[in-house]
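The same subunit A turns up in both complexes below, where it pairs with subunit B and then with subunit C.
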Partner chain A sequence: MAKLLFYALGACGGCELLALEQELVSLLEDHEVYVYPLLSSPPGGSFSFDIALISGAVLNQEHQEFLRDLRARSRFLVALGTCATHGGIPALVNERRPEERFEEVYPTSFRQEVLKEGLPLPLPYVKALDELVKVDVALPGCPPDISYVLKTTQDLLKGTIPKFRWPSVCETCPYERTGKRNVRRLHRLLAGRDHPLKERCFLEQGILCLGPVTALTCVQGEPPLCLAAHMPCRGCGGPVRAKANPMLDMLNALVGNRIDWRSWPDRKLILAFAGAHGHLRPLKGPQCR
Partner chain B sequence: MKKIEINPITRLEGHGKIAIFLDDNGNVEEAFFQVVEFRGYERFLVGMPMEEVPRTVSTICGVCRGVHFTASMKAMDQIFGVEPTPTARKLREIFFNAHYVEDHAVILYALGLPDYVVGPEASPAERNIIGLIQKVGVEVGREVLRKRACAVKIFELLGGKPSHPVSALPGGWSKAINEEERDQILAWGNELVELGKLTLQVFEDIVLKNEKYMELVTGDMYKVVLNYLGGTNEEGILDSYYDPKVYHVIDTQGQEIINFKANSKEYLDYIAERVLPWSYLKMPYLKTIGWKGILDGSGTSLYSVGPLARLNVAKGVDTPLAQEAYEKMFSTFKERPIHYVQAYHWARAIELLHAAEKIVALASDPEITSPEVRRNDFHITGEGVGIVEAPRGTLIHHYQTDENAVVTNANLIVATTHNKGPINLAIRKAAKHFIREGKVDEGILNYVEMAFRPYDLCLACATHAAGPGSTPLELSIFTRDGKLYKRLANF
Partner chain C sequence: MSFEPKIIAFCCHWCSYAAADTAALMRRTYPINVRIIRVMCSGMVSPKLVLEALQQGADGVLVLGCPLGECHYKEGNYRAQEWAEMIKELLADMGYEPERFQLAWCSASEAEKFVEIITSMTRRIKKLGPVENQNG
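For the complex of A and B:
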């Protein structure tokens, strides 16, 4: 009977909810599984794990220490979800200097008080797990389709490390691409004017869709979830090329379509799920976008 | 003075710790509930086109992901100056009710009921959903999970994803449904009504029929006397979590002392937030009464929100089975408002059934399959307030934008923030009751933890921060000069 741990650092807890899926409940029955702290407390005594599935980004000192500790206690460490693999939404704060983030929400004196009371201060920079420890399997997705989680756990239980290669979201997109590139500017996604869409590629209609640079991790072989709901991709599946900067790739894709990328009002959205690894950096002026 | 820390709190969503200070006799002098993570969504929403906000804020929490999505969507409607089409509104309502059912089910079965089913003094390793499934039987456990999954399927069918939903458009919904999909929603909805009935039955069999547990439910150690905030329709009936029309505050005696219009800036006239140096979570209070400190009882300016607050405030609910259960709860306690925090779990079970009944009613509406789910007659107003009754309580999203509907300012007040004061009080009360003369063991700590579990804390939401905790349960006792006196840990 193997010991498995689901653990969330700076995350929303959504990846841990996967453990409630019926496919994974059988794991709960066959192995010792801890889903902490959402569902169960960790075991007593000095414990170690065969597999630690860690979600969330590293936001503060405590996360950092605990991640290193868990690495030391675990045979295999899986970065579960896009926050763990690429920073996810938490890393959007990397666009601001830490003191700036803090002081807009709390009074200036608060920072001093926090230090005195021993609350962990945020790290200057929100990090993905592999910036701090060795990650055996990176499983991006928000959350990744359950089949990938199952395959990962099954392979690791046998002692082999699974290798994944995800296609881009465009691969199974149900919309038609005509190849006509007659849009020069991106415009906003609003009902009526652009919606309902003709069943045609969002980018060709001038609507930002991160499909070309995003890994298809939300489903396996089916139409991407957002596209099936008539909404463009926003990159939650993680970058299609794991080590690439999706901002550069996306701007290239836009230029390739002869679309003026400066027509989009909020460029950080392109890195909404991949702001770690130094991709999203503090802006200089407070109003600069 | 000794200091005990419970760090972090198990089985809640988000990261927090409790610090308990003992006097020289080992009795509890003070207890604080601290939130130790900070993220700052309000900051990075600035600069974002408003129509992108719902998808982004849904990631504040992976459990109650639909609530931030929905509150910001309602604010977005106002910013674009449109009301949703009737069908879009009903689809949003079904979506939101489905979210209620699956969220309340997780809270009850995974977080709240294990204390009762497995027993409050069982070891933490058993006192969880797996222990619960073993205790109620694998068949019943699987059936609950299967039925809950029906609610997630409705959520996904309408919202686009099982996790963070995507279908919000100003005044609309990206996805209309066909007859086949409606029939599917109805079939799932009927299963959810069964889940609601089953849940009330489980609560009755396990808690209400157990004398020892009823002592906990109706005991003074879990009684916190507060004001309550909740939304209803114009007649005072709870008929929609998605869109209440009027907000009411009742005092500790049940008298209405404040009411204000939903989805407007009026809330600012009544609610103020106090920053406390020992927590990342601010503490709101009623402005009209003024800050009185962290105290309960008559005259307090603290108020609580959530299932019990809603039912305390509402004159009734608008579906037959849930109304019956509502009446039963109040006749059992023989008081109104009910001030016993363990009753939050009961109220939650009633609401689960209510939301399920609403899904069936809404999906039966002939208009629900209309393709009219979008609008395009926008005029940008520059400001919007979306207020919903989230499973954990009143949730306020308030945005200002420039003339292009790009966010310039965001303010979020979430349910766990409203409940910060009440939670602190509940913990202090339970700590004083259960910790005497320095005697602390695992069982006692869980009784203290049981004081906050009914509030179903979502600290991820509360600091708009993130993430379930980061160290296993640890208890540190400090002597007066700050030296570590004793350390108990489960790792």
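For the complex of A and C:
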């Protein structure tokens, strides 16, 4: 009987909900799930775990200590979800300096209280799990598809580490690419005068789609979820290659196709799901608000 | 100890790398802070390479190519010029001073110019101080 742990650091809790999926519940029937953050509190004492599935980015000192402690106590550690693998939404704060964001969000009185009460202080920089500890399996996705979680759990219960291949979203995109590059500017999806054509690549119509630089973490072999619903990809799967900077890759691709890259004003939002690993950094000098 | 910056210079094979050779033949001296990386064309130095150099601890990056119109591959240096604009803006995005990057042209015979570019770049980076990589 294996001991499992689900735990959330700085996360929304969406990845934990995966544990309630019927297939996973029946798979774990013979095993013991020690902690499940939506139902129980963090483990005290000196338990050890066979598999720790941890979601969320590392935001404060408590998370950091807890993560290191869990790594020491578990045999396999799985980074569950884009926050754990690439920083995700919580890592968006890396765009601001630590003092600045603390001041903006919390009033002075609260800050003094935090210092007095000894509550965990936020880290100067939001990190992904693999910046601090060794991660055995990284499952990006927001949330990851249940099939990956199932396969990971099955393999780890057998003692083997599963290998996944994350191609780019374009691989199973159903839309047609004609190779005609006559677009010179990007525009917003609903701001264009004409509605985007169905069955044509979004980028070829001048709509920013992060498909080329995003890992396909939707169900593989089937059309990506957002594109199947006729929306451009937003990059929730994180970068295709480990440690790649999707913003640079995307802008490189735009310049290569002679699209005016300045026509997309909020380029930092390309990093909305991959802000850790030093990708998203505060602005320097006078531009700093 | 005074600060000795590390500067990466991407030199194109046909002009500026040859200029470095010429400078050596003429027994000119230039600051030791520059590490030269030979590339086939300045047009292959993408923003990714420049940012990677800075992220891994270089204090400044130079891209040296053939003078405009003299590119061995016809338009490689125009492409480098296009990218240079993008690099400067991205450096600010990523929290680096845009002055840490410079694009310059020098042909194979312009050893003087090569030395002058490197000297002025080193001086500028020394004034800026070491690169700040916050990953801690």
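Everything that follows uses one rule, which is that the second predicted complex is superposed on the first by the 264 of 289 C-alpha atoms of A that agree within 3 Å, B and C clash if a C-alpha of one lies under 4 Å from a C-alpha of the other, contacts with A are read in each partner's own complex, and residues count from 1 in each chain.
As a convention for this text, contacts are C-beta pairs under 8 Å (C-beta built on N, C-alpha and C of every residue); 3 or more make two chains touch, one makes a residue touch a chain.
Just so it is clear, the model here is predicted, and its values are computed rather than measured.
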item	value
Partners on subunit A (subunit B, subunit C) - clash or fit	fit
Which superposed partner A:Val149 touches (first subunit B, second subunit C, both, neither)	neither
Angular separation of subunit B and subunit C about subunit A, which is computed from CA centres of the superposed model and rounded to the nearest 10 °	140
Partner contacting more residues of subunit A (subunit B vs subunit C)	B
First (subunit B), second (subunit C), both or neither touched by A:Pro282	second
Touched partner set for A:Lys268, first subunit B, second subunit C, both or neither	both
First, second, both or neither for A:Cys236, with subunit B first and subunit C second	first
Touching partner for A:Glu131 - first (subunit B), second (subunit C), both, neither	second
Which superposed partner A:Asn252 touches (first subunit B, second subunit C, both, neither)	second
Partner chain in contact with A:Glu62 - subunit B first, subunit C second, else both or neither	first
Shortest CA-CA distance between subunit B and subunit C [superposed frame, angstrom]	13
Subunit B and subunit C contact sites that coincide on subunit A, given as residue numbers	268
In the complex, subunit B residues that touch subunit A	8-14, 34, 36-40, 42-44, 47-49, 51-52, 55-56, 59-63, 65, 80, 106, 110-111, 123-125, 127-130, 138, 142, 145-146, 148-149, 156, 159-161, 163-164, 166-167, 169-172, 174-175, 275, 277-280, 374-378, 404-406, 460, 465-473, 490-491
Touching residues (chain side subunit C, partner subunit A) in the complex	46-48, 51, 55, 82-83, 86, 90, 92-97, 133-136
Interfacial residue positions of subunit A with respect to subunit C in the complex	124-125, 131, 245, 247-249, 251-252, 255, 261, 267-268, 278, 281-285, 287
Contacting residues of subunit A [partner subunit B, same complex]	7-17, 20-22, 25, 28-29, 33, 36-47, 56-57, 59-60, 62-63, 66, 88-90, 92-93, 95-96, 100-102, 104-107, 110, 113-114, 116-117, 119-120, 122, 142-143, 188-193, 195-196, 218, 225-226, 228-231, 234, 236, 265-266, 268-269, 272, 289
